[in-house]
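Shared between the two complexes below is chain A, which pairs with chain B and chain C, respectively.
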Partner chain A sequence: MTLPQVNFLAILPQIIVTATALLVLIVDAVDRRGAFSRRALSWLSLIGLLAAGAAVVWLVMQGGRQSFQDMAVSDGYSLAFSAIILLAAAMGVLLAKDTVDQFTRMPGAYYALLLLAVVGMMTMASATDLIVVFLSLEILSLALYVLVGFNLREPRSAEGSLKYFLLGAFASGFFLYGAALLYGASGSTNLAQIGQAMGAGGNEIYLYAGTALLVVGFGFKVAMVPFHMWTPDAYQGAPTPVTGFMSVATKTAVFAAFMRVFMQALPATQETWGWALAILAALTMTLGNLAALRQTSLKRMLAYSSIAHAGYALVGLVPGSAAGAVAVLFYMLSYALMNLGAFAVLVALERRGENDILRGDMHGLSDRRPGLAAAMAIFMFALAGIPPFVGFFAKFFIFSAAAEAGWIGLVVIGVINSVISAFYYLSVVVAMYFRSEKEAAPAAPVKARKSKDKAAPAPATPSAPVPQAPALATSQNAIRLAVVLAAIGTVAVGLYPAPWTAYITQAVQSVFGG
Partner chain B sequence: MTIQTMDIPWLSIIVFLPLLGSLLLLLLRGEKLLKSTAIVVSLLTFAVSLVLFFTWTAGEAGMQFQEIIPWYPELGINYHVGVDGVSLVLVLLTTFLMPLVLLFSWEGVHDKLKAYLVLMLLLETAMLGVFVALDLVLFFVFFEASLIPMYFLVGRWGGPRRIYAALKFFIFTAFGSAFLLAGIIALGFLYKEQTGQLSFDLLKLTEVGVPLGAQTWLFFAFALAFAIKVPIFPFHTWLPDAHVEAPTGGSVILAGVLLKMGTYGFVRFSLPLFPEPTMKYAPIFIVLAIVGILYGALVALAQKDLKKLVAYSSVAHLGFVMLGIFTLELQGLSGAVLQMVNHGLSTGALFLLVGFIYERRHTRMLDDFGGLWKIMPIFAAFALITFMSSAGLPGLNGFVGEFTILTGAMKYGPAAAIFGTLGIILAAWYLLWAFTKTFYGKLDNPANQQLKDLNLREIVIMVPLVLMFLVVGLFPNLFLDKINPSTEALLIQVKGSAAVTQDAGNLAPATAQVEVR
Partner chain C sequence: MQLFLFLALAIVAIAAAIGVLVSKNAVYSALALLVNFAVLAVMYIMLHAQFVAVVQVIVYAGAIVVLFLFVIMLIGTETSLLAARGRSRQITTIIALVAGVAFLISAAYVAVAGTVSADQGRVPGDGAVQAIGEALFTQYLLPFELASVLLLVAMIGAVVLARKQKSDEV
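Right after this comes the complex of A and B.
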C-alpha cells in the first residue's frame, strides 16, 4: 500500500477561509467598541472570501486533481461547487454589511460563523470519504444552528434554531448510521473503495439499509420532503441575510456530496435509489409548491419555494448520470443567483427591527422603488422558470437529463409544478406592479419609511419626523450592489451560457466520465 | 438556400432592433422624446423587414435568410432563425402593426409611459422571435417570453378586472406551454436515439422524422399549448377577459399578433413533425374549428359591449384559420395563413376603432351610441370599411382569405364548407347589427352630441390599415405567391408528394378569380 498523498493545496481555499474567520474573531476581540471593527469586519470577510475565490480560480487553472490523503480532493467538480458557495457567502456578507446591527450586537461572531460554515461547505464539496462528509456536515450544521438563532429580539429565531438543531441532530445520526452500515458492507469509508467493493458484490442488506439512511441524512439537509419540517420555521426565523445564504449554500454543498457519494460509492444500487429519489423528488416539488401558494410572509413563501427547488434539483440526481450532475451544478449556480437576489430585495425592504416582509408590504413597490421592483420581478420570473431568465435554462438542463434516462413522467410532473409555482411568484409581481400602495395595510409607517428612504444616503439628515418609526437600513449601497449583481447574473448567465456550461460540463466529466 | 444574405444578418437585426430600442428608451426622459423614439424604432424595424419582402427569392419553399449560432452546445440548442413564406407574412404583419399601435398610444397612456413603451418594444422582439425561430427551444423561449410584457400590459394598464385577466392569460398559456416543453425535450432525445446527437432543430427533426409510436402523444402535447394560445373552443375562456381588460394597444397586439402564435405553431411544428396524427385527428380539429366559428359568432351577437363583441368575433375568425389548416388542402392552408394576416389587420383595426370611441366617451356599450354617423363621418367611414373587411366583403382582404379557406373546406367535405359559410353569414349579421346600432338611428344620447371626429393622428393610423385591406383584397397573389410554395412543401411533408401536386393546379383558378373582381 502506498502512502496517501498529503497535499495542502487541495484544501487551500478552506485554509484561507478558516484563517479569515480566526482573524475576524481576533479583530473583534481586540477592538471591541471601536467604530473601526464594525465596518472592517465585513470588509475583512469579503477580502477573505475573494482570496479564497482567487485560490479556487488558481486551482482551476492548475487543472488536474489535488488530493489530501484521499480524504478530500480539489478537482474541477469540487472547485465549481466551491465557487458557488463562495458566491453565496459573499452575498451573505454584503447583505449583512449594513444590517448586521439590526439583529445582533456581535457582528464578529456573525461573520466568523458564516465563514466557518463556508469552510464546512467547501470541504463537503471536496470530500471523498464518508468520514469527511460527516465532519464537514457537522461543521456547517453547527455554524448554521447558531446563525439561525442569531436574532435575539425575535422569538421565532430561537424557535427555528431549536427545531433545526433537534431535527438536524437526528439527521446527523441517521447519516452516521448509514455510513457505518456501508463501512460494514464494504470495509471502507472511502467512496471509490466502497464503489469497488460493492461492484464486486457485498452484503446487500447493509448496502440497501445504508443507502436509505444516507438518503435521510442528505435529504434533511437539502429540505427534501418528508424531511423538510424544519425549513419554513428556520428560514422565517433566521435573520434574512442568513436565510438567503443558507438556502443556497447549504443546498449547493449537500448536493455536491450527495451526488459524489451516490454516483461514486453506490452505482451498484442506482436502479433502486433512482426510483426512490424520483418519488421523493416528485413529492418534494409538489408539496413545496402547494404549500408556498398559501403563504403571505415572503420569507416563508421562499422557504417553501426552496423546498420545491430542492425537488427540481433532485430530479437531476435521479438518473445518476454525468448529464444529471451537470444539470444539478448548473441549477445550483442559477438558484444562487436568483434566490439570493430575491432575499437581497427582502433585506433592502426590511424595516429596522423587523425580520419579515409580507406580501402586502410589496404593494405599490414599483412606484416607490422602481429599480428594486424590477429586479424582484426578474427574480420571480426566473424562479418560476420563465425564459429568457437563467431559471428556465437550469430547469431545461434538469429535465433533459431526466428525459435522456427515460423519466418522461417525472419531467411532466416537473413542468406542471413550474406552472403551479408561477401562481405564487406572480402574486409578488401583482403586489408590486398592479396594486397601489393605498391597498397596503399600515399607512403611517409607510410614509415615514418613504421619507427616510429618500434621504437615506445623506448622513446629515435631520431625524425622521416620527422618531420611533421603523426605518430602513441606513445605507443600502452594499445591498444594492448585491441586488444588481444577482440581477445581471440572472439575465446574463441565461443568455450567454457558453463559458459556464462548458466549464461545468468539463468539471463533471473529469470526475464522473461520460 | 441562396447566398444573397449570408453577410448581413437581417433577421437578427429585425428581431433585436426593438430590444435595443427599449434599452435606449430606458436612458431617455420626456414624454414626447420617448414616444417619438419608440415610433421611430418600430418604423425602422418595419423598414428593415421590408428588405425581406423585396429581396425574397420567389418560388423558394424552404427557409431563407437563415442564421445559425451555437447557443447551448452541450444540449444541442442553436440560435437558428430563418423565414419561409408563412413566417414572412407574419413578420411583416407584426412590424406593420407595431408603429400604428405606438402611434395610438401617443395619447391616452400617461401612467408610466416609459415602462409601457419599453414593454411594447420588448413584446415586439419576442413576437418576431417566435415567427423566425427554427430551433424548438429558441421558439419556446420567445413563446414564453412574450407572456411577460403582455402580462404587465394587461395587469398594469388594463380595465377594472385587469389583475384577474392578466393572471388568467398567463396561467392558461403557461399551462399549455408546460406540455409543449415536455414534448420539445422528448423530441430532442428521440432524435438522439435515432442519430446519436441531441438536437432541437426543426429542419433536422423533420428530416429524420419522429418515430411513429411517439407521434400521437407529442402531437397532443403540442396541440394543447397551441390550442390554448389560438384559442380553440373550449380553451377560449381566457380570451374575452384578456381582450376586454387589456388597454387598446394591448388588445390590438394580442388579437393581431399573439393569437397567431398558436395557429402558426400548428402550421410550423405540428404539421411537419407529426404528420400521422395530424391526418388522423384532423376531423376533431375541424369540428372544434366549426364549433368555434358558430359559437364565437352567436356569442358575439349577444354582446352589449362593443369590445367584447370584437373579442368573440376573434374566436370565430380564428375558427376559420383552424378550419383552413386542418383541411390539409393547399387552398385551405394557404388561405389560413393569409387569413391570419387578414385577421390581424381587420381585428386590429376594430380594436383601434373601439379605442377611439372609448377614449372619447369612456364607454363601449352599444346602447350608449346611435346616430354617430352625423357627427363623426370620418370615423363612420373607416368603421364601415373595417366592418366590411371583417365580414368578408369581396374586394377587401377578409373575402380572399375566407374564400380560399372555404374552397379548401369544400374539397375536404361539403359539410365543413356549409357550416363555414353559415359562420360568414352570422359574422355579417353581428357586424352589421353593431354598425347599425352605433352609427344609424337618432343621435338621441345627449352625451354623444359633442363628440369630435377623428383627428389627424387617428386618421394617419387608420389609412395604412385600410390601404392594406385593399392591397390584400385586390392583389392577394402578392402574398399568396410567397405563401404557396411553403404551404405546398408543408403538405407534401404531411401527406406525401402525390396527393398534393394533384391539387396544386387547382389553386390558380381560385385566386385568379379573386383577382378579377
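Right after this comes the complex of A and C.
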C-alpha cells in the first residue's frame, strides 16, 4: 500500500478553523475560573477566523484549483463562499462576545461549536463528492442543533432546537437516500463523474428520484417552503447571535453545495429540476413574505423574511446558468451584510432574559439611540431591495439572470413579492422614526405582554414607570463594531458593486464555464 | 447449498421483521429486530463482506438495539409508541404499506433490469479489514477526518445539552 499524495493546501482554511476550535476547548478546560480566559476565548476565535480569512485570500492570490483527492477543492467558487461564511462567523463571535455569559455558562463550548460549524460549512462549499457533502452537512447541522438549544433556561430555545433536530434528522435521511440513488444510477459519488455518467444516459428512474430527494434535503436546510416548518421556532428560540449566524452562514454553505451538485452532476435533467425549483421558489417567496407581514416579534419576522430570501436566491438557481450562479453568490454576500446587520441591532437592543424584540420596542428608537436607528433603517431598506443599498443589486442580478433564461413569470412573482416585503421592512422604519415611545404598548416585560390579548385590558395608566430589565450585553462596543461594519458593507458594496461582481463572475466561470 | 442457506436465512429475517411490526410489546419488537440484524450479518458473510458483518453485529445488534431497550425500559413499555391507535395508526400503516410496496417494486426492477449486480458491491480482497482500512486512509481520507470532526461536535453537543442547569445559575 502506498500512501497517497495529499494536498493539504486545498483545505487550509478548514484546518486553521478546526485547530482554533480545539485550542478554544483546551483553553476553556485548563482555565475554567479565570476571567482572563473568558475574554480570551472570543478573541482567540476571532483571530482564528481572521487567520482562516487570510488563508482564503492567500489561496485566491495563488489562483488555480487545488484539489484534495477529488473530494474537496479550493477554487474561486469555494473560496468566495468560504469568505462569506467566515464573515458571518466573525460577526457571530462579535455579537456573542459580550452577551454569551448571559445565556450560557459554557462559552468555550459555544465558540468551539460555532467554529466547527464553520468548518462544516466551508467544507460543504468546497465539496466535490456526495460523501463529503453529506458529512459536512451533518457537521454543520449537528453543531447548529446544539447552538439553537444553547439557552438552557429558555423553553423556546429547547423547543426550537428539538423541532430543528427532529425534522433535520429526517431531512438528512432524505438527502442520504437521494445520494444513494444517484450512486446507484451512476456508480460514483464524485460529482463530475456522476455528471458524465448521466450525460451518457443513466438509469432515469433513479436519476429523477435521487434528484427529488436531494431537493428535499437541501431545501430543508435553506428553509424552502414546504420544508420551512422549523424555521420560525428555531430562529426565535435560538440566542439572537446564533440566529444571525445561522440564518446567513447555513444558507451560504448549502446554496454553494446545492448549486455545485445540481449544475455539475445533474445538468442532464436541468429542464425538469428547473421547473420544480421554480415552483418551490415562487411558493417560498410568497409564503415567507405573507407570513412575515403578520409578525409582531422582530426575530420571527426576520425568520420569515429569511425564508423569503431563500426563495429569491433559489430563483437564481432555476436557470442553471453561470449567470444565475453569479447572482446567487452575490446575493449571499449582500444577504450576509444586511441580515447580520439587522440581527446585530436586535442584539444591541435586547434585554436580559427576554431573548426577543417586539415591534413595539422599536417605537421612538430614533430619539433614544439615533445611530442604531439609522443603521437599522439602512438594513431594512437594503432587505427590501431599495437602491442604492446592496439588496437592490442582489435582487436585480437574480431577476435579470432568470429573465435572460426566459423565466419571466417567475421574475414577476419575485418583483411582486419584493413590494409586499417592503411593507413589513418599512413598518419597522416607521416605528423607529415616526412613532414616539409613548405610543408603544405599556412597557411591561415581554412575557406579560404576550398574554395581553386574553387578559383584561392594559392598565389605564400606561405612564406608570415599569422597571426594564437591564440590557443583555455587558458592553456595547463589540456589537457597535458589528453594526458599523455591516452598515458600511451594505452601503459600500451597494454603491460600488463592480469589483465584487467582477471577481465573483470570474470565480464562477472558472468552475461552471459560460 | 448457498441457495438453501439463503432461503432459510431470508425466511428467518422476514419473520423477524414482521415480528418487529406486529408484536404488542415493545421489548419483543426490539428483540425481533436483534434477530433480524443477526441474520443480516450472516448474509453479509455469505457476500464475503466479513468486516461489514462484524460491524453489523457490534454496532447495530450490540449498541443500537441495547440503546432501544434502554429507552423502552426508561419510558415504560405501556406508555410507549403503541399508545397511538385508531385512525392515525391506520393512516400510518397505509403510508408505510405504500412505501414498502414501492420499495419492493423498485428493488425487483433493479434485479430484472440488472443495473446493479452483486459483483458491483463486492469489496476487493474479500471484504477484509485491510482493504477497508487502506481505502479509508487513501481514497477516503477526507471523509474519514470529517467523520472525526462530526463525532467531536456530537460530543461537545451532548456535554452542553446534558449539563444540569441549576435554578440559580445564569
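Please note the rule applied: the second predicted complex is superposed on the first by the 480 of 514 C-alpha atoms of A that agree within 3 Å, B and C clash if a C-alpha of one lies under 4 Å from a C-alpha of the other, contacts with A are read in each partner's own complex, and residues count from 1 in each chain.
What we mean here is this: contacts are C-beta pairs under 8 Å (C-beta built on N, C-alpha and C of every residue); 3 or more make two chains touch, one makes a residue touch a chain.
All figures in this text were calculated on a predicted structure; none of them were measured in a lab.
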Touching partner for A:Ile408 - first (chain B), second (chain C), both, neither: first
First (chain B), second (chain C), both or neither touched by A:Val430: first
Which of chain B and chain C A:Phe150 touches, first, second, both or neither: second
Superposed model, chain A: greater residue contact from chain B or chain C: C
First (chain B), second (chain C), both or neither touched by A:Phe175: neither
First (chain B), second (chain C), both or neither touched by A:Val419: first
Chain A to chain B touching residues, read off their complex: 326, 381, 386-388, 392-393, 396-397, 399-400, 403-404, 408, 411-412, 415-416, 418-419, 422-423, 426, 429-430, 433-435, 497-498, 501-502, 505
Interfacial residue positions of chain B with respect to chain A in the complex: 70-75, 137, 140-142, 144-145, 147-148, 151-152, 155-156, 162-163, 166-167, 170-171, 174-175, 178-179, 181-182, 185-186, 188-189, 192, 198
Of chain A, residues touching chain C in the complex: 1-4, 6, 11, 18, 25, 68-69, 71-72, 101-102, 104-106, 109, 112-113, 116-117, 119-120, 123, 129, 131-132, 135-136, 138-139, 142-143, 145-146, 149-150, 152-153, 184-185, 187, 203, 205-206
Touching residues on chain C, where the partner in the complex is chain A: 106, 109-110, 113, 115-116, 120, 134, 137-143, 146-147, 149-150, 152-154, 156-157, 159-161, 163, 165, 169-170
